[in-house]
Every structure is written in C-alpha cells, then in structure tokens.
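Order of writing sets the chain letters: A, B, C, D, E and F. Residues in each chain are counted from 1.
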Amino acid sequence: MKPVPMQLVTIIAAQELEDRLLHEIKTLGARGYTVAQVRGHGLHGFRASEYEGENVRIETIVDGRTAERIQQEIAHRYFNEWAIVLYATQVNVLRPDRFVSEEPVT
Amino acid sequence: MDYNPLASLLSPMTLAFLLGVAATLVRSDLKFPDGVPMALTIYLLFAIGLKGGAKLHGIDPADFLVPMLAGIVLCVLICLWTFGILRRFGRFGVADAAALAGHFGSVSAATFAASLAFLDSLGVPFEPFLPALLAVMEVPAIVLAIYLAHRQSEGNRQRPFLPLLGELLTGKSVILLLGGMAIGMASGPQGFTQIAPLFDAPFRGFLTLFLLEAGLVTGRRLADLRSAGWFLTVFSLAMPVLHGGLGVLAGYWSGLGMGGATVLGTLAASASYIAAPAAMRVALPQANPSFYLTAALAITFPFNVAVGIPLYYAFSRSLFGV
Amino acid sequence: MDYNPLASLLSPMTLAFLLGVAATLVRSDLKFPDGVPMALTIYLLFAIGLKGGAKLHGIDPADFLVPMLAGIVLCVLICLWTFGILRRFGRFGVADAAALAGHFGSVSAATFAASLAFLDSLGVPFEPFLPALLAVMEVPAIVLAIYLAHRQSEGNRQRPFLPLLGELLTGKSVILLLGGMAIGMASGPQGFTQIAPLFDAPFRGFLTLFLLEAGLVTGRRLADLRSAGWFLTVFSLAMPVLHGGLGVLAGYWSGLGMGGATVLGTLAASASYIAAPAAMRVALPQANPSFYLTAALAITFPFNVAVGIPLYYAFSRSLFGV
Amino acid sequence: MKPVPMQLVTIIAAQELEDRLLHEIKTLGARGYTVAQVRGHGLHGFRASEYEGENVRIETIVDGRTAERIQQEIAHRYFNEWAIVLYATQVNVLRPDRFVSEEPVT
Amino acid sequence: MKPVPMQLVTIIAAQELEDRLLHEIKTLGARGYTVAQVRGHGLHGFRASEYEGENVRIETIVDGRTAERIQQEIAHRYFNEWAIVLYATQVNVLRPDRFVSEEPVT
Amino acid sequence: MDYNPLASLLSPMTLAFLLGVAATLVRSDLKFPDGVPMALTIYLLFAIGLKGGAKLHGIDPADFLVPMLAGIVLCVLICLWTFGILRRFGRFGVADAAALAGHFGSVSAATFAASLAFLDSLGVPFEPFLPALLAVMEVPAIVLAIYLAHRQSEGNRQRPFLPLLGELLTGKSVILLLGGMAIGMASGPQGFTQIAPLFDAPFRGFLTLFLLEAGLVTGRRLADLRSAGWFLTVFSLAMPVLHGGLGVLAGYWSGLGMGGATVLGTLAASASYIAAPAAMRVALPQANPSFYLTAALAITFPFNVAVGIPLYYAFSRSLFGV
C-alpha cells in the first residue's frame, strides 16, 4: 500500500460544543473522528476545572475539499462568539478511500 | 439550646475548605484527580434528592407550595436588581452583568448542603421538602438573566431561546435533585433504608471532601480577586447578607419553621457555581468567566459557609423568638 | 410472607436505572466521569466475591457442586440453541450469531446483584455460594461461542485459541469474583467484619449508582433499537423468560432453595454486558457490536431487572409450593 | 541545534490492542512512544463507553524507514479485521539520533 | 478566510514539569496552549502509573520565530537532565494573528 | 492475649495485595481506572490525619515530643548509612544511592495504615498521635538524600535547594496528614463523629482496595527484579528487619507503649513509595526510577505488610515482656 496525503483537521473547543461540532463535521462529510479530553489556556482564559469547563480536541481525517469546507463552516458559525482553535495538518494515510467524503460537494 | 457560632467555623466541613485554600496558597501539589470533583457533585445532588424524597412520604403538597413560590419570586427579584446594580453602579457590560445576575439569582447546592449539616449538628429540625426548593430555585434566574442579555444585545447570532430552556431544565442538577426526590418518594422510607449506608451516613464525609476540593479551586481563583476589582468584591460580600435576610423573612412569612427559614435565607444568599457557569458558558460565551467564577466561588461561597449561614440562623432565631 | 411484585419496580435500584434512561431521552447532560463506571464495576464484583467467600466458611463443597454443574450445562445449552435460532430464524451471519449466543449464554453481574438485593429486601434467604455460580457461569458460553465462530469461518487469520482461553479465565470479573471469594474464605467472617462497612452495608447504594449509569448508556442505545430489528428485540425479551424458567427448574432439581433457584433462573436469563462484549471485541472483531450491546444492555438487562426477577421469583415460589 | 525532519506515526485503535501494538512497534524499531486515552467514531461505530470499549492513540516518532515498516506491518496484520486508523506526519525534532532505530533493517 | 501556515510545537514531559514549561512558553511568546494527560515509554523507562509519574503533552501554536525560540530554549534548559521530547509540525490556521507573539524578539 | 502470626497473612488487606500481584502474573486485564489510585491515596492520608487529630484532644504535647525526635533522628541515620552501604558495597552511583537512601529513610503511609489495622484487629491499643509521627518522618530523609547527591555532584545546573524544600514541605501527603490532624483536633471528637461514617468505619475497606491496586503495580515491577540485581534485593529485605528492630527499640526508649513501638518500628522499616519517588523525579532526574520503585514497592512494601509487621510486633511484645 502506498501512503496518500490527506488533511487532518483539529478543533479545540469547549466541551459543551462537542455534540454540535461532531454533528457539523459529520454533515460536512467526515466519516469518522477521534475525541480527547484536554485542558487549555488562551485568549478566553483558563479552561482547566469542572467549574471553568474543560476542552475537547476533535480530530478528523478528511480529503482536502472536505477539510476546507469544515474550516470555512466552523469559522463562519463559531469564530465570533466561541473559544475555538482550528487547524489543518497534512498527513499520509494508507487507505485513502475510508476517509473520502461520500457526499457530493454542494 | 446553647448556640456557639464558633462551632460552625470549626466544623470539619468549613475547616476542610480552608485547608484547600491554604494548600493552594502555599503552592502544594495537592490536586484531586480529574473526574473526582464531578463524581462528588453527582453524589451530593443525588443524595440530597433521595433523602428529601424519602421524607416527603405522606406530606401534604400544599405545605410546600407557598415556600416554593416565595423562593422562585425571590430568585427573580434578586436577578433583576443585581443586574440593575451591576449595570448602573458597577459599570459592567450587558453580558457580564447578566451572567453575574444569573449566578446570584440561582442557588448553590454545596452551600445548601452545608446549611443542612449546620442545622443537623445543632439538632435543629427542618422541613423534608427543602431539596425541592433547591431544585426549583436553580433555573429561573439563569433563564431570566440570559433573556435580559439577549434582549439588550443587538447581535444577530443569538441562539434560539427554547432549546436553551430545555437544556437548563434537563441539566444534571435538576435531573439528580428531582429524580432523586421522585425515587426517594416512590420507594419510601423503607426503600431509602436500603441505600442509606451510602447516601445518608457518609454524606457529611463526602461533603468534607467536596469542600476540600472547592477550597483548592477557590485558592487558585483568589489571585483573580484583583482583576475582579473592589466593586465586585464588596458586592459579593454585601448582597448575600441582604439576600439572606430577605430569604429568612420570606421563609417566616411563607410558613417555614426556624430551620427552613434559615435554609431559604441561605439559598437566597448563595450564588450558583455549578449550574450557572455551565449555562453561561453556552448561552453567554461573550461574558468573562473570571468575573462570575471569582465572585460566586471565591467570595460568596466561602463567606456563606463560614459567616453567612450562622448569621442567617441567628436572624431566624431572633425572628422566631427563640 | 406477603409479596408485592410492584415493590421491585419501586426499589431505588430499578428506579435509578429508569432515571438514567429518562435523563438520556430528555437529552440531559448528566454523565458519569470517565473511570467511574469501571470503578463501580470493580467494587461490585469484588464485594460480591468477598461477601460470598466469607459466608462459605464451613460449608461442604459437595453442596454446591451439583448446582454449579447445572449452571455450566445450562450456559452451554443456551449458547448452542440461541446460536441455532439466530442463524436459522434470525438470518444472522456466523460472527454476529456467535457473538450474541456468547452474550446470552454468559451472565450479568449487575443483574445477579439486583436479584440478591431483591431477595434481601423480601427477607428471602439464599445460599452463600451463589457468587461462585456467577463466576463459573461467565466463561463457558463465551469460549464456546468463539469456538463456534472460528470453526464455521474459513478465514486464515484466526487467532490461536489457547491464549484466548487464558485471557478469558484471567479476565477482571473472574479474578475479582474468585479472588474475592478466596479472600473472604481465607480471612473468614472475622476478617470480613473489618471490611464490611465498605463492602457490605453500602453495597446497594453503590449498585443504585451503577444502575443509574447503566440507564444512561441504555438510553443512548435505545436509538439503535430500530437498527437491531424486531426479530432481535422479540428474541431479547422472550429468551430470558424461557431461560429464567429453565434456570429456576435447574436450581430446584439441583438442590437449591427457593432463593437460590430464583438466582440461578436470573443468571440463566441474564446476558453478559461486561465480560462478553470485551471478549467479542477481541476475538470476533468482525461481529457488529450494535447487535450484542443493544440486545444485552438495552433490552434484556432492563427487562430482567424490572420484570424478569420478580417473575422468576414468582415461579420459584410456586415450584417450592410457598 | 538544528531541527531535523522525522516521521510521527499515529495509530488509533481499540484499547484491547494496545499491548500488542506497542510490542509490534518496539520490535519494528521504535525507541519510545506516547499513549493517550481517546474516544471515537468511525466505520465500526461508536467507541465511547466502558461497554463499547474505548480507543487509544499511540504516537511514535521514528525515522522514515522505520515509519514505512510500521505502516506496512500494521496494515498487513490488522487492517482486515480491526478498527484501526493509521497515519504519518512529518515533524521536526532537535535530537534526531534519539529516535533513529538501532536495529538494522532486515 | 485563507489558511496560513504556523508552527505547532509539541512538548512531551513529566507532569511535574508542567507548570514550569507553561511558564517558559508563555514568557517566550505563546499566547495559548492545550494540555493532555498521556503515558509513555522512552529512553528513561516507563511513565504510566501514579508511582512512576505520568506525562503531559503540551501543544502550542505559534509563529515560526517563536517556535524556534521555544525549541532552542527548552532544549538548552531541559534536555540534559530531563525526559523531554519536543517537536514542531507545520499546520494551517485561519486566524493567524491570534497566534502571533505580541512581544518583540529580543 | 493469644496471638497467631498467621492471622496477619490472612487479613483481607494482605490477601488483596497478593491477589493484585497474582492478577498481574497471570496477565489479567484487571486495572484500576486512572485517577482512582490517587483518589484512594488522598482518602487514606486525610482519614489517617483526621482520626489521629480527633484523638489528640486533651493530650499533652510533651508526650509525643520525645517519640517524634526519636523518629526524625532514626530517619536521618537510616538515610546516611543506607547511602554509605549502597555506595561502598552496592557500587551504586551517587544519584542512585542517594535516591534509594531517601526512600528507605522516609516512610510509607500504606505500610503505616496496615500496621494500625493489624494492631486494631488484635485489639492492641496505640497512641493517638502516631499519624503526626508519620508526617514528620516523611520529609527529613528525602531532603538529606537530595543534599547528599547535590554536594557530591559537580553538575552546574543544580536546582536551588530552598524552593525544593518548600515543595517537599507542602507536598500532598504532608498537607493531608497535618491538615487532617489540625481539622480533627480543632473540631474535636464531636466534629469527627459527623464524618466518621466515611473516614473511620470503611477505612480498612478502602485500604483493601488500595492494596489490591498496589499489588497490581507491584506485579508489573516484579519483572524488573532481575535488572535490580541480587544486591538490591537482599538489601531491600534485610534493611527493613534491622530498621524495624531499631525503631521498636527507639519507641521503647522514648516512652511509647507496645503498640506505638511496633508502629515506630514499622515506620523505620518502611520505604516511601509515594512522596519519595515524586520528589526524586523532580530533584534527581538522573537517578534510575527502576531501582527505587522496585526496591520500595515490589520488595520492601510487601515484605513489611506480610512478614515485617508481625515480626516487629513480636519483638515489641518480648521487649515489653508481654
């Protein structure tokens, strides 16, 4: 098998947003994701206890076009109000088709 | 009945809280593992509900309708005037003032538990339905505060209001308190006996651990006091005294006993630091958490536990002429 | 002895489970922190073992040899016929049918604990060695089911069978149950007294918390009921009744008392949802977890806790002519 | 010190596989690894509770050749039957020799 | 919005170092960070229980210059004595200015 | 008083530890969730402190000054001679020898708790201030060991010494033990009654769980025994016997009773495996954790729990002429 480049989109956000964000990325074409519990600090202060709320890191491997759509949509809908950090990394995977979105780009 | 106000300060609960604060101040590495604070919260809320429910067996609902109404009205009023004061005199922005108003209008389960433990240790009786009071007084002010913020902001990206209300009414504290009460009521005193060795006897021990952890968090927040400013500091100490007095009066008028009036005073004086922060994070993300967390957790909460509760109790005693 | 079947439905345990389901259905944010469910599982298994072991002191092994054999035979038979039924009538693939057969042939510790709590609350006595029954009935059907799947699949990448058996026999439930029994037996009633304030008195309280959490997970699984299909739904309700009846009979024939027979019925009727899913994930990764988790956790488990146990008890009563 | 490119191989898999996978990558030349508890969703459904089992994310920084070997071996042995996601990212490290496999490529 | 390349610096280290490392990276210009609890194995043995101590993974997105400064400083101060792994990855972000250090390079 | 040394081996505590070791050896998947071991540690330390403090009420400080001094002197001496022996005869490097000396000179709270449980089960009384002994004997040897390593190493990157001392004196075990004692003392026996259902009655149950987990970790460490070498193995078995004997003598001379002397012996014989490893990781990162963890956790700890405590007790009995 030969490695093929894909995009790994990472979202760091308040745990309260988890369900909504997962719903968004699924709708936008992600076929899987991985979630980890993290704490953090940023422009909106600390998020490191039960009272302050914690963060989640959501990672999804998608094709380039879906990555772009996810980034634009999340930015559009959440950046103004929410403490969200979002970035994309190029990674190499062996079975590209398991990550490619099934839906047509609309 | 001989009453010594110092005894409250020297209860294991209060002292554990102070130990937590002290540990942070001396930069100890003491830290509860992730998940333990939440597990303790779940235990406390569920235990409060179950115990209250089990005692409700055979009580006339009419008995607690009036106190409940009184509690809700109080919450709404507190929310409105704290919002006004914070806007006008504190010069806070709409979002920050609303978030703070929601916290002070809502209630704190840990403070409630501390007041029950306080009365228990003095042998003062109180009504079994008080947990229901705790449950119904949690949500109204939060909803109102969010509504106030939304009305006054011209933002076009407001979240629709109804789903938000749904989220609040199904929040974990409401579910655990009301669910626990329903279970306690349905299974009766006999059912509660089966689970009392976990939910009754060790309750104060778990509360002690919870307060130790709350002390650790409070200690970290104390550094933010400066950024909170002197207005918010004074506000967070003075308002509880006012609200506590009003709460005791409301309890007296609505037919509660001396113990129940003390608890209603405590509830009115307390500021939520579990349900309200969670709600504000979602509904008012533009509000600065430093303000409401520092006020509710680092100032009002310890004040109530150490000074407030004995104060409201003393007032209640004099009101009831004991 | 006056027996009211409704009392079981209204026990704090059952109600906590329902509260959990309800909380998920209204989309509450109530969620146990990571690690807490596993910690509760460890506690329950170890406590069951310790308590059973402490009571074994001075009991003739011959007394429980026959019930144990009966239990194992029952597990093997259940595994075989559920596999056949699921293949032939349910049209399930080999892996899925085998995984499901392993779950129904194995046993659920939580259901077992609920049946003991049920009998306790009625004051019905039962044999002290029942936890050993729970331990020995866990593994056989899982092993058999994996063997069935491997035999019928032509895959060349099968994992060797022996290490798999080793993994199963050293799984945490077997270790905690048998290890707990050994400790309880070796240290005797006197040793158990030292630890009873943790492992005996609050047991039902912890079980209540565990069931609350199980309810939360079940609620999430209910959405999968549709994908499970009506065949699996009916199967997961009907088979427990059949197995429960057979288990009570087997208990009767093998010399157990009315309480013990009820428990053996419960064990037979129950479907594993801790040991079996863990084993299937490793040994039959090609089987769809949605089928077995939904069947065991979302259908059979609540059915047994709410309806099944009282049913098997009623059957046992009539069999023993009480 | 100058940054040198290396490969970061990430494996997301069922927790039950952890011991076996760690053994594999060590045998294949990895000299260290980092493991985090995660939950996830993918083609094999949810993995987000005690009953469903959770996932682990295993990360190991290795030289390019070892990265390729690890990817090929894991793909060969696990892809058919298991819920595994595997990818490689280029990263820059300061002390390359601490990551380079000691064993000869066989 | 257009994605802009930034550097994601990742530090894996003993939990006991967390406070000091966070202080360092903030001083060096990082404006936020994300921390996750991990376990691991490397040249200094296992770190996977309460007694052995656990590790943390600290991630911070910064501009290239800050990334270099962080790498050099941490290497200089910690590499000799401590079990630390440090690497940088190129990622694409949408709002670059929220990550760019405010302080002048000294 | 009839004393059977086997009873200690057959206590649920010891047996749970062995079960943990056995579970690892048979490669069981039994594993406590992250955070639970730390939660148990916090509970044990805090409970030890609270209970000791509550009993201190009305005790003359002069009574425990001499035993405390004796304990500290013992710790310092143990640290010095173990360092010498490990350097000269064991051929360990400076950092490794110092780290090990710090572990053996410090004390283990779990071993301490096991010795109290042992005495309790025999009905042997002991002094209420022993937890204070545990607290003061934890830090000195660790500090001394770090100082020894720093003095003998020519490294230029040494961490400054004072902040390190601060970190040690505010470590979680010191805070919980001394803080717990202060709370117990201030709130008195009456305050302790309120929280005893959590911090007293179930203490041995929680200790049993803690030891089960310690057994799991020990089992994993046993594989490292080979790399530890025979010298360290013999050392970790022989030194506790020597230190235990000296500790009992020191207790006798400093005015402790038979129970107290047994506990001082146990403390001297024990090797820290919570505070010391945490300190060494930070202060002596160049020392190899395999040495100190294997010695303290996998050899000395189980030896003391199973064999050492009864031995020191027997010695104390003969010394006191019982």
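What we mean here is this: a residue touches a chain if its C-beta (ideal position, glycine included) is under 8 Å from a C-beta of that chain, and two chains touch if they have at least 3 such contacts.
Nothing here was measured: the structure is a model prediction, and the numbers come from that model.
Asks: What is the set of chains touching both subunit C and subunit F?
Replies: A chain counts here if it touches both subunit C and subunit F, which gives B.
Asks: Mind checking subunit B against subunit F and telling me if their interface is mostly the same residue numbers on each side, over half, or mostly different?
Replies: Subunit B vs subunit F: different; shared/all numbers falls short of half.
Asks: Of all the other chains, whose mean CA position lies farthest from subunit F?
Replies: A
Asks: Measuring centre to centre, with centres taken as mean CA positions, what chain is farthest from subunit D?
Replies: B
Asks: Between subunit B and subunit C, what distance separates the C-alpha centroids? Give it in angstrom.
Replies: Their C-alpha centroids are separated by 40 Å.
Asks: Using mean CA coordinates as chain centres, what's the subunit C-subunit E distance in Å?
Replies: 47
Asks: Hey, how far is the Cα centre of subunit D from the one of subunit E, in Å?
Replies: 21
Asks: Touching at least two other chains at once: which residues of subunit E meet that condition?
Replies: Subunit E, residues with two or more chain partners: 36-37, 89-90.
Asks: I need the residues of subunit F touching at least two other chains; which ones are they?
Replies: Answer for subunit F, listing residues that touch two or more other chains: 34-36, 38, 202, 278.
Asks: Let me know each pair of chains that touch one another.
Replies: A-B, A-D, A-E, B-C, B-F, C-D, C-F, D-E, E-F
Asks: Given the complex with subunit E, which residues does subunit D contribute to the contact?
Replies: Touching subunit E: residues 1, 3, 6, 8, 22, 31-37, 61, 89-95, 98 of subunit D.
Asks: Where on subunit C does subunit D make contact in their complex?
Replies: For this pair, the touching residues of subunit C are 34, 37-38, 41, 157, 217, 273-274, 277-278, 281-282, 285-286, 288-290, 293, 297.
Asks: Per the contact definition, I'd like the list of subunit D residues that touch subunit A in the complex.
Replies: 10, 12, 36-43, 48, 55, 57, 71-72, 75, 79, 85-90
Asks: Within the complex, which stretch of subunit C touches subunit F?
Replies: 34-36, 38-39, 42-43, 46, 50, 166-167, 170-172, 175-176, 179, 182-184, 186-188, 191-192, 194-199, 202, 278
Asks: Mind listing the subunit D positions that touch subunit C in their complex?
Replies: Where subunit D meets subunit C, its residues are 14, 16, 37, 44-45, 49-53, 80-83.
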